[in-house]
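A, B, C and D are the chain letters, set down in written order, and residue numbers restart from 1 in every chain.
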Amino acid sequence: MGISPVLWQFLTKWLTSSALWPREASTVAGQTDALYIFLWLMTIVGMALVLALLVVFSVKYRKEKHPNAIQIEGSTLLEATWTIIPLGIFLFVFVWGAWLYFRIYNPPADSMNIYIVGKQWMWKAEHPGGQHEINALHVPMGRNVQLTMISQDVFHSYSIPEFRVKREVIPGRYSTVWFNATAAGTYHLFCTQYCGTLHSGMVGDVVVMTPSDYQAWVDSSTSGMSLAQNGERLFASMGCSQCHTGDAAARGPNLAGIYGAKLKMDDGSTQLVTDGFLRDAILNPSAHLPAGFKPIMPTYQGQISEEGMIDLVEYIKGLKTNYRVQQTLGTSQSNQAAPSASGTVIP
Amino acid sequence: MADHALTHDEVVAPHGVHEHPFYQKHHFETAEQQREAAGFGMWLFLLTEIMFFGGLFMAYLLYRNWYYDAFVSGSNTLSLSLGLINTIVLIGSSLTMAMAVWAAEVRKQGALVMYLVATIVLGCVFLGIKTVEYKEKFELHHVPGASFDISEFVHPTDKAEKPLPVDMANKTQIYFSLYFAMTGVHAFHMIIGLGMLIYFVIKARQGLYTTGYVQPIENFGLYWHFVDIVWIFLFPLLYLINRH
Amino acid sequence: MSTANTIVNLPDQRTAKLPKVNYINKEHGLLSWLLTADHKRIAMLYLFSITGFFLLGGFFAGMVRFELLTPAGDLMAADTYNKMFTMHGIVMIFLFLVPSVPATLGNFLIPIMIGAKDLAFPRINLLSWYLYLGGGFFTLASLVLGGVDTGWTFTTPLSTHYLNTHVITTATAIFIAGFSSIFTGLNFIVTIHRMRAPGMTWFRLPLFVWSNYAASIMMVLGTPVLAIAIVLVALERTVGIGVFDPAKGGDPLLFQHLFWFYSHPAVYIMILPGFGVISEVISTFSRKRVFGYTAVAFSSVAIALFGFFVWAHHMFIMGVSNYSALVFSLLTMLVAVPSAIKIFNWAFTLQKGSITFETPMIYVFGFIGLFTIGGLTGVFLGSLGMDIHLTETYFIVAHFHFVMVGGMLMAFLAGIHFWWPKMTGRMYPEGMSKFAAVTTFIGFILTFFPQFIVGYLGMPRRYHAYPAEYQVLNVLSTAGATVLGVGYMLPLLYLGWSLKYGAIAGNNPWQATGLEWQIQSPPLTENFIEIPIVEQEAYDYEWLAHKTEKEVTTVG
Amino acid sequence: MSDYKVSTKHDPHTPDKHDPANVTNPEHAEHHIVGPATYLGIFAILMVGTILTVVASRLPLGIFTAPVALAIAVTKAVFVVLFFMHVKYSTRLVKLTVAAGFFTFSILVIMSMSDYISRAWGQW
């Protein structure tokens, strides 16, 4: 029975394209592969050593050749050798791996941010400009891209093998990962944390485009409203602007420029305002009370979807002045409704 | 009677050296070996119990740190007096259990039965009070689940209580989950213990444990004291988080 | 068999008979087995039941491999596939690997090896078996009722809020099986501490006893944490207590902490007893004391101790603190060292020995080869940066199968072949068993080595359907699984055959030094006619030669 | 063989002592009977501890509330373990077992909390 032509085709494809490792399509891919190759060398050398010992001893000391065993108690020197050398190698691997880990999980400050929402069984990507994607992610080549990810239901895991990048997407908490794609093309996107029936269907494509192609894509796929604009509408409709007016006498803290600041808290601690902090402060305000304010803010747990939360966070992140907040407030107080035209004005 | 050490021979081997006491299993060399094995085995079992409760204590520690205000408010709805009475009752039952072990060791059958019965009575009192407390929680809708109600924490009837913001009040459910899980598992251990105590009373009345065969009583004592120790931690952790 | 290349020394088959009285024929009837307190009979009960569950788990593995033959999910529906790999994991881990060596070989041998008549608590030992059956019953119940698809890891909140299958039934199964394991461990620890024969000091114990002791400590300390985590999952599902539910303020990672606090040590619970088997076999067939006895003994204890400090390496990408991950990764590197020590000590045991290659020894060579790869690929996963790409792919599947199947199952089979003559009094066909050992080894490599590559290429684990470019490697893997299946079925056949037709083994066919080889095979109900007084070290072949010589002169 | 009872290693003059090497039971401790007087004393101490812990919870101790409560609970537990559970008079092995339990529990708590506490360090 010959090899079926289909199988043969797959075999040649496997051997010619990605025989032992997937394509290196990000800046960390090469670094991960270097560690991987080092680790295999370690394995092969270790394995060869053990095999050599087994074979040589088996041949040399088999019963026909060596009928009487010579008892040896042990050898402290030898044992110390094979304690210390592996220990040294493992510690070296630890340092190398730790370096790589911190590199992959520490996004550079100048990264562009894309939000990812995972749910059973699809990936939603939300670009700051308001572009939405399902089971796909378009990114420009040569730019640092940070993904801020959250799950709506269970644990998922965002994995792009060609980038050697993966991180769990957690319910109730933002997690981040970043990459810098180096080669244009379409790559696999997998959910790697088992998440229920259609786990293996939670896949998609990561499309890396040249900057100009990317710009063209951005322009053609906009939904008309940026995340921040959506956030602004939510900010008004949820009543946030009633208290967070930016006035010195306001019931809520001034949010303009708050992102990235160190906030003095009611309990005396200091907290850095991050995406995660903003999200938690909206859901559990009393546990995130800045100094000098009363715990009067209601919780929005269960009232805002994760996408809405992202809009709000993105809005507050970009909030530099309270001018528009006060304007909106003035309008809504007179109209009892948020102005529907606000989306058309670019802040 | 003052503490004193009896050598083993005086207790178990009054007739001749080749006789084994009736309770010695034949795979043991000596009764003493059997006794130490059983005691050690019991301790290992308690080790697993430590880790079993340990998982719950770990969860408690985490959420108490996260949701301290909710834990304080939740804790303050528990009845301090009932908790205190129960603590005294349970430590009292530990005392009677310890006395039961002593009675078995000095072979006083009447005293042994009396102390075991006293332990049962105190154990039942504890569970009775616990039932009253649980019943109150059901009536107040403080049992985690669909009917859980936070209004008591948002608008406390007791004016001395600090009202909680809604988001923190929601977290009292975690406090009550842990309260029920911890006291529930504890009460479950007590129910098992009471069942065994009844068996021991029946056997003790037949004189089984006052012939030198102390080991079952002694091992059960270890179990009962362990349950007591768990409560010694549960009482301050659940009832007394911040009462002032 | 020529005496030049074997140490097998069987009694004259024309006159040899099984001993008239032994533990198997002392009492008759089903009840005498079901109510027995004899550790050897309980070991046999375990052997039969875990073999049954191994076959069941193997069936699920086969179904998984067949589904993966093609990229599309065409053999079964997605949820059926999910149930298949879930049941494969649960059955293999909780009902096969955890009890495999301790409950069968350990149960049979530990009392004999230390010179005791039985375990300290024979009736608790029987209770363990019934609890095991109870766990098995609930597993089967969940299967019959329609299965469960949580994966063996029960990840919250998937298992608590998002699945509509029989999670609680399965949780009950694991809870009960956990207590079986606790009681076995407890029994071993007490027995090893309190029941040793006169003269049997700690450093005269066979290494098999040491490694089972270390595993028992982990069973006793780790399993209860799994039990409480499972209880909380059940409460979360039924009542909605919220401790693992992010919507109510709970932390789903807390479940991961509690779960892996047991389930990482569980890996060592599974492998340590296997290490013990390897030490016994390699010493016997090279006629030499294990190189560096103390180092091997202490490395088991070191693994048991450090094994409790490394669990979060299963959670490196799950959102644990990066600093915490650093600590756990460092400790993971440290725990790899004792295993490396063992490998080299075993290799050097061969040096200047007088080596023969009977079946158990073939399995041991297979073990050393596969476990070395399995162990070193563990270093890949313990290394933080590497773990990001490798975890949750087929690489990790390959890694733990190399350790658990390549390591533990090989060790289990080595042990079964080594002690079969002692357990049944009969030998199995040597040629056939060597063939099975080699088949298993080849089948194993073919099954799992391609998974390292397909994993690095990015294929996620637990995928029902996968991109077409991974097919070649999956086909190789499935083909290998078929070979592996044959390799596992063979022992079942010839061991069964040997029960009736095998050659009479005599007391000590391998001329091994352990106390178990100095008594009749199969042994008496209480093992020893006279409690031995131990004056020799473990693996003292000169003592054995001297003793045999004396017996020959006395008889002659 | 089941009726086999008397082991040959027994020295008839010391029926319950082990062989000279005493390896079966090297950590043997004489069995000690604790009497009612001790038990009552311990009970009194536990009662005092119980009252103390209630009193302490009503004092404004600030961040020391929990440590004080735990310290009292640990002290009470130690008394129960040492006297009610006879660990003071037990073998080294039993003492070690008790210690091992609390050690493993502390691993669970410390290593898990190391994650929770350091999550807020740095922000990524």
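One rule holds for everything that comes next: contacts are C-beta pairs under 8 Å (C-beta built on N, C-alpha and C of every residue); 3 or more make two chains touch, one makes a residue touch a chain.
This is a predicted model, so every value here is computed, not measured.
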Maximum number of contact pairs occurs between chains A-C
Maximum distance between Cα centroids and chain B occurs for chain A
Using mean C-alpha positions as chain centres, tell me how far chain A is from chain B in Å, no decimals.
-> 47
So, what's the distance in Å between the C-alpha centres of chain D and chain B?
-> 15
Could you grab the centroid distance between chain A and chain C? Build each centroid from C-alpha atoms only and quote it in angstrom.
-> 37
Chain C residues counted as touching two or more neighbouring chains | 193-195, 221, 225, 249, 253-254, 257, 261, 322, 526, 531
Sites on chain B at which at least two other chains make contact | 26, 29, 33, 36, 40, 44, 47, 50-51, 54-55, 58, 62, 66-67, 170
For chain A, residues that touch 2 or more chains besides their own | 105, 284, 301
Could you pull out which chain D residues touch chain B in their complex?
-> 2, 4-7, 9-10, 12-13, 15-16, 18, 24-25, 28, 30-40, 42-43, 46-47, 50, 53-54, 56-60, 65-66, 69-70, 72-73, 76-77, 80-81, 83-86, 90-91, 93-94, 97-98, 100-102, 104-105, 108-109, 112-113, 116
Any idea which chain D residues touch chain C in the complex?
-> 1-2, 4, 7-9, 18-19, 21, 23-25, 93, 100-101, 104, 107-108, 111-112, 114-119, 121-122, 124
Given the complex with chain C, which residues does chain A contribute to the contact?
-> 7, 10-11, 13-14, 17-18, 20-22, 31-32, 35-36, 39, 42-43, 46-47, 50-51, 53-54, 57-58, 61-64, 66-75, 78-79, 82-83, 86-87, 90-91, 93-94, 96-105, 120, 153-155, 157, 159, 161-162, 164-168, 170-173, 175, 188, 190-201, 203, 284, 301-302
In their shared complex, chain D is touched by residues of chain B numbered 1-9, 11-13, 17-18, 20, 26, 29-33, 35-36, 39-40, 43-44, 46-47, 50-51, 54-55, 57-58, 61-62, 65, 80, 84, 87-88, 91-92, 94-95, 97-99, 102, 105-106, 218, 221-222, 225-226, 228-229, 232-233, 235-237, 240-244
Listed in rising order, chain B residues that touch chain A in their complex are 66-67, 69, 164-168, 170
